[in-house]
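First chain A sits with chain B, and in the next complex the same chain sits with chain C.
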Partner chain A sequence: MKILLMGHPNVGKSAVFNRLTGAKVTESNYPGTTVDYTKGYMRLEGKDVEIIDVPGTFSLEPKDKAEEVAVKMLKENKDAVVICVIDSVKLERGLYLALEIIEEGYPVVIALNMWDVAEDKNIWIDVEKLEDILGVPVVPTIAVSGKGIKELVSRIKEASPIDIEKIVEKAGGVEQ
Partner chain B sequence: MRKKLSEMDYGEEGVVKSIEENLRDKVAGMGIRVGKKIKMATKQPIKGPVVVTVDQYSISLGLGIADKIIVEVEE
Partner chain C sequence: MKLSVDERWDLIDKIAKQTVKYGVYRHTLKDAIAELTVKPLTGIPFAIAVLYGFWSFFCAFAGFFTDGFFVKLFDNYWLPWLQEVFPGKGGWVYYILVGDPTADNCFEAFGMLTSGLFVAIGVVLPAIIAFYLFLIILEDSGYLPRLAVLIDTALHKIGLHGFAVVPMILSLGCNVPAVAATRTLETRKQRFMMATLLAIFIPCGAQLGIMLEVIPGYVGFVMIYLLVGFFVFGFILNKLIPGRSPEILLDVPPYHMPTARNVRRKLWVRVRSFFTTAIPFVLLGVVIVNLMYLTGFLDWLADVFEPILCGWFGVPKETVGPLIAAFLRKDLAVAQLSAIEMTTYQLVTSVVLVSLYFPCVATFAMLIKEGREGGWKGVAQYLFGSLAALIVVVFLWGGLVHLIWIILGVA
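So, the complex of A and B:
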């Protein structure tokens, strides 16, 4: 099994990666810091599992080099579990990418990262309801402090492919 | 009143009414879709990009894209 860390640029994927692997990947405040990818290993239920920090992408229709790398890595790892890191403040557009990945048939776990920043902005997300609609584990995280990372790891095993039609149905249909 | 997103004034708010077909997927990844509330934050001079606020975050759009998004604004 492989784990891919995916999400928009600048949502804290590398921070999550560092927490999961104990590595020290350089992070900075410049957008698109991870253009290449980083590989590492984490312990998951007594086994070493490979985890890849994929460059940030807005969607699965690549618009630049980094996005091309991201999409290619996803397609090359059909057996991967995807941890989709979302900036909690930018939930909706994060979900767009998450749904695209789910639609491709990958088991997904969602990390609602920067949860503290969302709280500061008085944004409250109903995690239980989101889990119910999507059918995938959703875990609030604050990667820089490590909050929620343990729960994120413990819930990777719950990830399974979800039929996108079921999500549409649960969400109450698609607006035309 | 309907106008192009690029024609919105500073601080003006509107609701996205239509997006040119071939652009829809592109801007959806940025959180813009029909029905979304949008606020003009900044316009850069000399045909520069515009910055709009959606939910509580900023998105910058090229003028060419902003021209192809129609919004409904209060009179």
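So, the complex of A and C:
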């Protein structure tokens, strides 16, 4: 099993990666800090599991070279579990990429990162409801302080491929 | 089943309506600062203040440690002691390791253990630490994307967009990660232009540090001259190279207070990589240059290039040595220039030449790596394209400095 860390640029993927692996990849507050992937290892239920910090991408249709790397990493690792890191302040945008990855058939875990920033901005996300609709584990995290990371790790095993039709049904259908 | 783009957004809309609640939004001080620093009227003076602060901090910090401590340590204690105790005075080994036995400072001695260590540890290390400390705070605070917004219009004139300022700023630390950072630009044209312009025009932190020691009064002039060159040749390259320069939407993140943990960690990673990759190259550079000098190869090269160096650029033929060293390490090359007898103006010209001329070997390797996306043809395009641009720039922009001195009557 492999784990891919994916998400939009500047949502804190590298911060999550450093937390999970104890590595020292560069974390900065601007989009495009990570332009190439980094591999690392984390302990998961007594085993060393490979985890990859993937450059940020807005969607699975790459717009620049760093995004190309991201999409390529996903396509090359068909057996991977994807931790989709979402900026809690921009849930909608983050869900777009998460849904695309779910539709491709990957098991997904969602980390709602920068939870503290969303709280500051008075944005409240009903995590249980979101989990119920999506059918994937959703965990609020604050990667820079390490909050929620343990729970994120403990719930990786719950990830399984979800049929998008189920999500559509739960959400109340879509307009064709 | 897969959704269409519209269906996906519709689904997201439905999910968000059921799961997200927006409370009353409080406009905070942070937001006010965030807005003031992107609006041109307040943002541009702020940007100038930040960059000037960056520069002042860099000079003060590097100067404090280099002039206040390392120069004294190396010139008064280390050099005389080595000259005293090192055996085999006059032999090759002595020359390579200690250098000129009569030298009274570590710039002129030019041995591996004297000038090599002095340049690496005494001059460049404090400069690197000062530079990265400030840069990391800029990176972590979230200021860089705001700078990108402010400079967008200017960079559009040369076919790039505001975000290209990020590789430019990173480049002032080291060209290697800066070339990698060009990957965030959209088209191959933009990436090639940016990588080439960076490699040619932007001096790295190591070089800046040593320039402060060698030509303290002229660093500002050299920097402005190089920046103007960056825009002039950027404008020309933009006209010559086919390809698109699309507009972008840039996400400006909220300001964050940099955490001590992350600043410490990043500083440590970068300083460590300076020790493992830069210092060996500085020391190796000294050895290679000394060997070339001892075998007479350097004198021969100097004679061969004399017409170009003296005639076109107006610098002494001995600068051929530093130009060779510049391929390994630019900081070493500038240090070496200071030991050659010439006028201040010739020295400034030589420093400009060292900056423009060939990227250092690490940057060169990175350019090849970036060209690889297009296969062998891509590598060839990147390499020959960059080289062609480089040769033209060195002759025109390097020669122009000489012309300026002639017009001013100081050449």
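Everything below uses one rule, namely that the second predicted complex is superposed on the first by the 174 of 176 C-alpha atoms of A that agree within 3 Å, B and C clash if a C-alpha of one lies under 4 Å from a C-alpha of the other, contacts with A are read in each partner's own complex, and residues count from 1 in each chain.
Quick note on the criterion: a contact is a pair of C-beta atoms (placed from the backbone, for glycine too) under 8 Å apart; a residue touches a chain by one contact, two chains touch by 3 or more.
These numbers come from a predicted model, not from an experiment.
Using the contact criterion defined above for the overlaid structures, shared-chain residue A:G148 touches neither chain B nor chain C, since it reaches no partner.
Applying the stated contact rule after C-alpha superposition, one finds that A:E92 touches each of chain B and chain C. When the two complexes are overlaid on their common chain A, residue A:K121 makes contact with chain B and with chain C alike. Of the two partner chains placed around the shared chain by superposition, chain C is the only one that A:I164 touches, whereas chain B remains out of contact.
Contacts of A:K63 after superposition: both chain B and chain C are touched. Among chain B and chain C, the chain that touches a larger number of residues in chain A is C.
With the contact threshold set out at the top, residues 63, 91-92, 96, 121, 123, 175 of chain A are in contact with chain B in one structure and with chain C in the other. Across the complex, chain B meets chain A through its residues 25-26, 28-31, 34-35, 55-57.
Listed in rising order, the residues of chain C touching chain A in the complex are 1-3, 7-16, 18-26, 28, 136, 139-142, 144-145, 163, 166, 180-181, 183-186, 191, 250-251, 253-256, 259, 262, 265-266, 268-269, 373. On the side of chain A, the complex with chain C involves touching residues 8-10, 24, 26-33, 35-36, 55, 63-66, 69, 91-92, 95-96, 99-100, 103, 117, 120-126, 129-130, 133-134, 144, 163-165, 167-168, 171-176. Contacts from chain A toward chain B in the complex involve residues 58-59, 61, 63, 89-93, 96-97, 121, 123, 175.
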